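Next up, some structures in structure tokens.
Common to both upcoming complexes is subunit A, partnered first by subunit B, then by subunit C.
Presenting the complex of A and B:
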């Protein structure tokens, strides 16, 4: 049976499997989605940008390590980091346990949310995109 | 690459990864370090893992790698394999990447020895239920990397002597656990030479990946760049880069093998706070050395679930 992954419809997703959600105050909360986390395994380390530092869409903003494998975290949007989640730095497993709520990574004051969010996947486009991403994760790099 | 200086065994695969594009061939590097060194995992804090003074006294250099896993002692008794593939040509799932890169290692062990060799917990190569290899991986630029070694022998005493430990009881507990959970080819009476095993490893990679591996050396560009990369991996700034980086202030337990950790913790027992070193296996206290030396309490704690 195929694995099921939850994608919250109230946020925007990118191909690095980070989600972005605009809060009532206009700030953007960033986190990792279930499919991305499933492919990585249990989070052991996270390194996140400092509060006050600028981040640029597509540029490295931090790093992570899961199942002894390191990876870079690329900023899904541009802006200034206004908050980082100390709870996930203390306990990186929280990202796996509650990716859409307590396991968020950082909050950003966005520089260009309207344009940059348009480059992500959201709303009605989500179900088809989810399906194709699950397919990609199952087949990429596997011969036959 | 045969026998090369210790720092080069790290610098070479970092360089190949750094210069990788979609047009670069996927590369498997097989080497043996000519001299010993210790190597930190990318996210580890140097101050929590290695005792710099002990390393200096023993003239053991310290490097930090950009891939994951734990700090370890490496020397000429170990054969290294380092797989650097373009990220588009490996699975998206890390378990499947490990399966792709480590199955040939398992098959090599099976080829030579009548042992139970297997890939366990997605990324641990075990022989007769014990670790025979150290593994790490990472995504670097456009490259996906898996590195590992096969232990022909292992210098447990030197490894234990360079750990930065809270006290000697912790070191002893960790050393005992290491001896119980790590196996070497010497332990099974292997007479197989390292070059013979390396040759078989290539055959197993060809078979598993269903392709012919073309032998090759480094390009001039790669050789020049490797020197610079090696200097970075040994630099003070890179070695100390994680000490202020991670938010967690709590010391991480020392991982010995799959599901085997050494913790140094304060726990509460019957209303009393006690501090000690705990060897925890599959969540249970295997053995404990309390700082207050209370043998009766140590006995009482053994076999209990470890809750910190």
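Presenting the complex of A and C:
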């Protein structure tokens, strides 16, 4: 039986399987989606950028060790880090257990949300993208 | 049939060996270099995993005194010693492709098939053990790691124990032992094995290397073309070695969550139970279970392995330990699970107290330099 992966329709996704969600105050919360996490396995360690540091879309913003591999985390948008989730640093498994809520990674004051969010997948385009990404994952093994 | 490149090296330094592997994987990710298998040995050195705290894993005084270089791998897992009797295996391949290996989710298991397949021809039955070990009859014979580079390349690492000087290893690594006597050496020797021990006749490292090479050819259905680094690769290797693997910022990097050590000794019906854990936040990074109760080293090794990178929460621990006890019900009869949980929780609480102390006194008794590396 094929595994089911949940995607929240209220956010934007990129090909590295990070989600971005604009909060009421305009800040962007960043997290990892279920498909990306399935290819990494249980998180063992996370390194996230310091509050106040700038991040740039597509550039390394942190790194992680998961059950299946180590690797870098790439910023899905540009801006300044305004908050990082200490709870996931203390307990990285929280990212696997609750990726869309308590397992968020960082919050960013965006520099160019309008343009950069347009490069991500959201809204009506999500169901088809999800389907193709799951197929890609089934054949290539690693999301992102 | 596809052709992969094959590179053999001997006696490489820790910094050059690690830089070469990362360059190969980076270039495989961008498609500039072919998929490459590298089988090599290091000059004596000690390597920690990507996020380990080096001071907690290695006996740095001993390493300095004995001129043993230390370094940090890009791959995860635990601290290891490398030298002329440990075969380094590095496989650098693109992360996305139409190759047969691409459809496998458990890539660590898949990439170790070359070792498993090769050693099977010697009559050694090796099994993959999640998350990152190869075992023979429950004893560790190789440690594994996988790293995805920024270019999307994959670097698979294995350290294969052709032979092992356990006493030397225990001097290099930080251990929970008060002293290293024959008892401790024999206990660790019981939990690990080597190709020399498993093979009926003495075997050279070169013979093991050829065996592993043939194993990869068979397991992946590829030809291997003996090659060497290109001039361009050598330039990149030297640069990366200088910028990263010779940089103390990388080697001694601090982590966001400081490790904390907790110990407990409790009296059980079967004897004294001695527990030593390393905690990072709410994750158990490693656990040592000792004491004078009678049980099999295999069962203890399984318990310790199951606790590595495990949540420190009571409920979650109980679930995991229940499964291990089901596997070893007879062997663990002298170590009641309730006692083990009690001992673990006591050690965890002590580690948590130590972690809180460190976080409120960040300029404590040791220094962890910051890092410029991600």
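Going forward, the second predicted complex is superposed on the first by the 139 of 144 C-alpha atoms of A that agree within 3 Å, B and C clash if a C-alpha of one lies under 4 Å from a C-alpha of the other, contacts with A are read in each partner's own complex, and residues count from 1 in each chain.
Just so it is clear, a contact is a pair of C-beta atoms (placed from the backbone, for glycine too) under 8 Å apart; a residue touches a chain by one contact, two chains touch by 3 or more.
This structure is a prediction, so every number in the text was calculated from the model and none was measured.
Trainee: When the two structures are superposed on subunit A, do subunit B and subunit C clash or fit side by side?
Mentor: clash
Trainee: State whether A:93 touches subunit B only (first), subunit C only (second), both chains, or neither.
Mentor: In the superposed model, A:93 contacts subunit C only, not subunit B.
Trainee: Is A:63 touching anything from subunit B or subunit C once the two structures are fitted on A? First, second, both or neither.
Mentor: Once the two structures are laid over each other on A, A:63 reaches both partners.
Trainee: Go through the superposed model and pick first if A:71 touches only subunit B, second if only subunit C, both, or neither.
Mentor: Both partners, subunit B and subunit C.
Trainee: So in the superposed three-chain picture, is A:42 touching just subunit B, just subunit C, both, or none of them (first/second/both/neither)?
Mentor: Once the two structures are laid over each other on A, A:42 reaches subunit C alone.
Trainee: After lining up the shared chain so the two structures overlap, which partner does A:131 touch, if you call subunit B first and subunit C second: first, second, both or neither?
Mentor: Once the two structures are laid over each other on A, A:131 reaches no partner at all.
Trainee: Under the contact rule defined above, give the subunit A residues that sit at the interface with subunit B and also at the interface with subunit C.
Mentor: Residues common to the subunit A contacts of subunit C and of subunit B are 38-39, 41, 44-48, 63, 65, 67-72, 89-91, 138, 140-142, listed in rising order.
Trainee: In the complex formed with subunit A, which residues of subunit C make contact?
Mentor: Within the complex, subunit C contacts subunit A at residues 49-51, 74-76, 95-97, 102-108, 130-131, 145-150, 154, 255-257, 280-283, 309, 311, 374.
Trainee: Flag every residue of subunit B that touches subunit A in the complex, lowest number first.
Mentor: 41-43, 66-69, 88-98, 100, 122-123, 135-140, 210, 242, 245-248, 250
Trainee: Please name which positions on subunit A make contact with subunit C in the complex.
Mentor: Where subunit A meets subunit C, its residues are 38-39, 41-42, 44-48, 60-63, 65, 67-72, 74, 89-93, 138-142.
Trainee: State the interface residues of subunit A toward subunit B in the complex, per the touch definition above.
Mentor: 38-41, 44-48, 63, 65-72, 84, 86, 89-91, 136-138, 140-143
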